[in-house]
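Just below sit the structures, each encoded as structure tokens.
What follows is chain A paired twice: with chain B in the first complex and chain C in the second.
Up next is the complex of A and B:
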């Protein structure tokens, strides 16, 4: 066996072992020199990420449905039998490799960005230790084929995240965010442990493959199966940050250092991955299933659609009114998670309805759109959180009302922000549009109203990013702010993600057929190709980014030509001197009316105050109430699954 | 009947723990509530380990307990799970208490009502 073959065979374990080794060696290396420690941390992410890329390439080459299995404690050549072995296994199929790629990419951008970003803080050795630990936990959550092992990685991820959220010990608020997130994820983790106990008591095994075959094997679904399913879905949806279990998510996201927030997005996607695995693999394992099981999966599909709709709408409407830049983006992260839940939920519901023509017509497209959106979301949301970090780094504040004019000095950051904002709002020809296009068209086929809501949410997303851009980069400069662009390592970190976004934007069909299709195949079996010849086909329409790019560049050339015919320079004392204000200037009690930058949509908010008032009450900041919402949701999901 | 008592204890522990976390405002009580839920989950795993009758599993030891005629044994896996879960529980509880301690140092916060700077 060649070195390469044995490397690939052991890759699932090595990919996790590298960040663990580098994590716990970091404090020791840190004693020697700071430069060495930084290089060490980057090397840890780079090695494990590179191996992840190689492994993913191997998995995708097989089409994604063949899993690479690694059995812990199994000697070379041991055949693995799920019935007789109680060993921990790692399965890396198309879906797991897809998630691993996302985590490796975002972690690389984040760790390079961190070099300058955390330079002024003490305790950097612990920072890098926890960062690598979090990466290992992320990989572990998606690779594991053992449900108890999943719980362990879940908890490692929570502890590492909470330690990092509380990294800035000078801010008391960071402890509050970390404590809330920790309470939330600990209770979720304990309910998960309880569900695992039930599964073990019923079936005597913890292996996901075995459980998948055992659940509903004799054609009936037991009531304990439904209870476990309800708990699993709610717990992993909490990790993913779906409404109404999202309340601690914005607190933790906004208090964590920016590179950590970017990585937390991928950690929450590991939760999303677990939701999809529960629905598709654990409960929807074999196709030739009894009607009882198909009915159950159908209901799960609808539960995911409802959670997705709630997340999309509540997330975006609350983001619109925020004045803290990172909190605003955190609510957007929740809202975008809704798209993935929606796409995959629609796919699951259509799949379980047993209609194969419907599934190949639009169900598979919805699933592919939802999965493609996971990667896109990790890239643009990661980039946006990094730009938010750059803004906070320079402006010294996270309040949108106190910043302004940063675009003059931070041209690169402004450019990266525009790339990220266009992608999250789904403006063609961005990668966000490519995945949203698949979701819109297929969901519209499933239910026109839901499709319309998905488009409305995109509009509101665009509106709130216009607000951020206007508040942070435009307008007069605040003289108290530091000037100049952010340090180079932060720019490199951002450009890693921005470059990936550009590739994904212009070659979506290539990405879809090479990376997304194996992931879809791993969940739902092989099906028709969605992207060929650089064009995406949704079943209803098609999308080719390069054609639009050509049209846009012709328009741009025409515009430049027209501009060159005009008068050169600006008119002295012309309109350019004064800022343009809408409407007529009005005064109340002798003072001009001032609308702060965070409140530009006050008319919209006032018109919807019947909606916003109860929302404000719901997000009270009381962790008791948050836990109550979580427990109530778990109960409701269980009831829905039991009676549907 | 006797063999169901541990399950009743599990339900009671988890229910009391959830009640505390949902309705008690003191932060230390909150941490105690979480520990109660954890204890309940661990007890559940331990209880599941005790089996009687013939099963295709690896028993640690067999003996006649509770006067039954079938051989009773204890599965090793749930014990391993419980041990892992206890270690994780110690880590999370310690981290949580550390956060509460720092919050008290920073803001003199001791109840949930005062821990709501982040909201909306």
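Up next is the complex of A and C:
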């Protein structure tokens, strides 16, 4: 066996072992030299990420449905039987490789960005150790084929994130965010352990492949199966930050250092991955498809759709009224998670309805759109959090009302922000539009009202990013702020993600056929061949970014021509100098009317007072109440599954 | 930080050796009897807490402790990596090979469906890498818990953050 073959064979373990090894050695190395420690941390992420890319390439080449199994501690040949041996196994199929690819990319951007960003803080050895641990936990959660091992990685991820959220020890809010996150994820983790205990008591095994075959094997679903399913979905949805289990997420996201927040997005997507695995593989897996089981996962599909709708709407409406730039983005992360839950939920509901024509008509497109959105979300949300970090780094404040005029000095950051904001709002020709396009088209087919809500949420997303852009980059410069662009390593970290967004914006169909389709295949089985042309087909419509680019460039040329015919220079004074405000008055009794940046949409908020008042009461900041919402949701999901 | 009364100090001196012995036993016998690196390390960690409270000793060598902590983890993951030389991560490359340290061949046991299940009265030096990992985890937990206790003690008695 060549070196390359044995490397690929052992890759699932080595990808996780490298960050662990580098994490454990970081405290020792940082005693020697700081430069060495930074290089060491980057090397850890780079090696692991490079191996992840190679492994993903190999998995995608097989089409994604073939899982690469790795048995820890070794097995004799390929005839390993899960029944006679109890060992921890890793399965890397198309979906796991897809998630790993995202995590490796975002971690690389984040660790490069960290070099300058955390330079002025103490405790950097712990920072890099925990960052590497978090990366290992992210990979572990998506690779593992053993449900107890999944719990272990869940806890490792929670502990690492908690430590990193509390990284700025001079801020009380950091500890508050970290404590909330810790309590929330500990309670979720214990419920998960409880569910695993039930499964182990019932079936005597922890291997996911074995459990998938054992659940509903004789055509009946036991009540314990439904209880476990309810717990698993709620716990993993909490990790993903779905409403109404999202309460601790904005606190933790906004207090963590920016690169960590970018990585926390991928950590929460590992939770999302676990939700999908539970629905598709553990319960709805490649098995007999008995009627009782299909009914159950049909209900799961609807639960995911409801969670997705709630997350989308509540997330975006609460984001609209924030004045803390990172809190605003954290609520958007919740809102975008809703799209993924919606797409995959619709896919699951249609898949389990047993109607294969419906599934091939729009169910598979919804699933592909949801999974594609994971990829896009990690890139643009990671980028947006990094730009938020850059804004805070320079402005020294996270309050939108106190910022202004940063675009004059931070031209690159402003450009990156525009790229990220266009992508998150789903404005063509961005990559966010490509995945949302698939979701809109297929979900509209499933239920027109849900499709309309999905579009409305995109609109509100755009509105709130216009607000951020205007508040932070435009307007007069605040003289108290530092000037100049952010350090180079931060720009490189952002450009890694921004460059990928640009590339994938114009090649959405290539991403769909080469990266997303193996992941879809791993969940729902092989589908029709997707051609490798540059046009994206949703089943109802098609989308080609290059055509739009051509039209846009023609419009741009026309615009430049028309401008060149006009009068040169700006109008020095007179009516042309005044801003056009739709004929509204700009002064009251001689004083200019000033609306703070955070309250730009005051009309909208006032009109929806009946919605915002109870929401304000719900987000009380008391962890006891938040835990109540979580437990209540778990109970409701369990009841819904038990009686449907 | 103040010392406690002579009664506590005397009891601590008497109890020191048995608790230490018990903790070490749990670590070293982890592969044969219930327990292991973490459990034994936690026992010795509580011994350190007792010592700290009774004698008011806060002048611990924190740097050394943190180095021991990292070394324990590195030995653990390093042992797992060494398994790759035999083909698999975490492969037990010492067990049953006759290697003098923990490599003793198992004499008793039974073969069920082609898998060898050793009986419970296996020799102490028999489990291969499992014992090595138990010891490294034990060292890590002792150092880690002691560090936490020292940091908390420093904070409680001096009001300053003592963690490195």
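Just so we're on the same page, the second predicted complex is superposed on the first by the 615 of 644 C-alpha atoms of A that agree within 3 Å, B and C clash if a C-alpha of one lies under 4 Å from a C-alpha of the other, contacts with A are read in each partner's own complex, and residues count from 1 in each chain.
Note that contacts are C-beta pairs under 8 Å (C-beta built on N, C-alpha and C of every residue); 3 or more make two chains touch, one makes a residue touch a chain.
Just so we're clear, the structure is a prediction, and the values are computed from it rather than from any experiment.
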{"item": "Joint occupancy of chain A by chain B and chain C, clash or fit", "value": "fit"}
{"item": "Touch count on chain A, higher of chain B and chain C", "value": "B"}
{"item": "Which superposed partner A:447 touches (first chain B, second chain C, both, neither)", "value": "neither"}
{"item": "First (chain B), second (chain C), both or neither touched by A:553", "value": "neither"}
{"item": "Which of chain B and chain C A:24 touches, first, second, both or neither", "value": "second"}
{"item": "Touching partner for A:401 - first (chain B), second (chain C), both, neither", "value": "neither"}
{"item": "Chain C, chain A and chain B - angle at the middle CA centre, rounded to the nearest 10 degrees", "value": "40"}
{"item": "Chain B versus chain C as contact partner of A:13, first or second or both or neither", "value": "second"}
{"item": "Which superposed partner A:72 touches (first chain B, second chain C, both, neither)", "value": "second"}
{"item": "Minimal inter-chain CA distance - chain C and chain B, angstrom", "value": "7"}
{"item": "On chain A, the residue positions that both chain B and chain C contact, one per complex", "value": "none"}
{"item": "Touch list for chain A against partner chain B, complex", "value": "83, 86, 148, 151-152, 155, 158-159, 162-163, 166, 169, 172-173, 175-180, 182-183, 186-187, 189-190, 193-194, 196-197, 200-201, 204, 206, 250-251, 254-255, 318, 321-322, 616, 619-624, 627-628, 631"}
{"item": "Complex contact set, residues of chain B against chain A", "value": "14, 18, 21-25, 30, 34, 37-38, 40-41, 44-45, 48, 55-58, 77-78, 81, 84-85, 88, 91-92, 95-96, 99-100, 102-103, 106-107, 112-113, 115-120"}
{"item": "Contacting residues of chain A [partner chain C, same complex]", "value": "6, 10, 13-14, 17, 20-21, 24-25, 27-28, 31, 70-75, 84-85"}
{"item": "Complex contact set, residues of chain C against chain A", "value": "63, 66-67, 69-71, 73-74, 76-78, 80-81, 83-84, 86-92, 113, 115"}
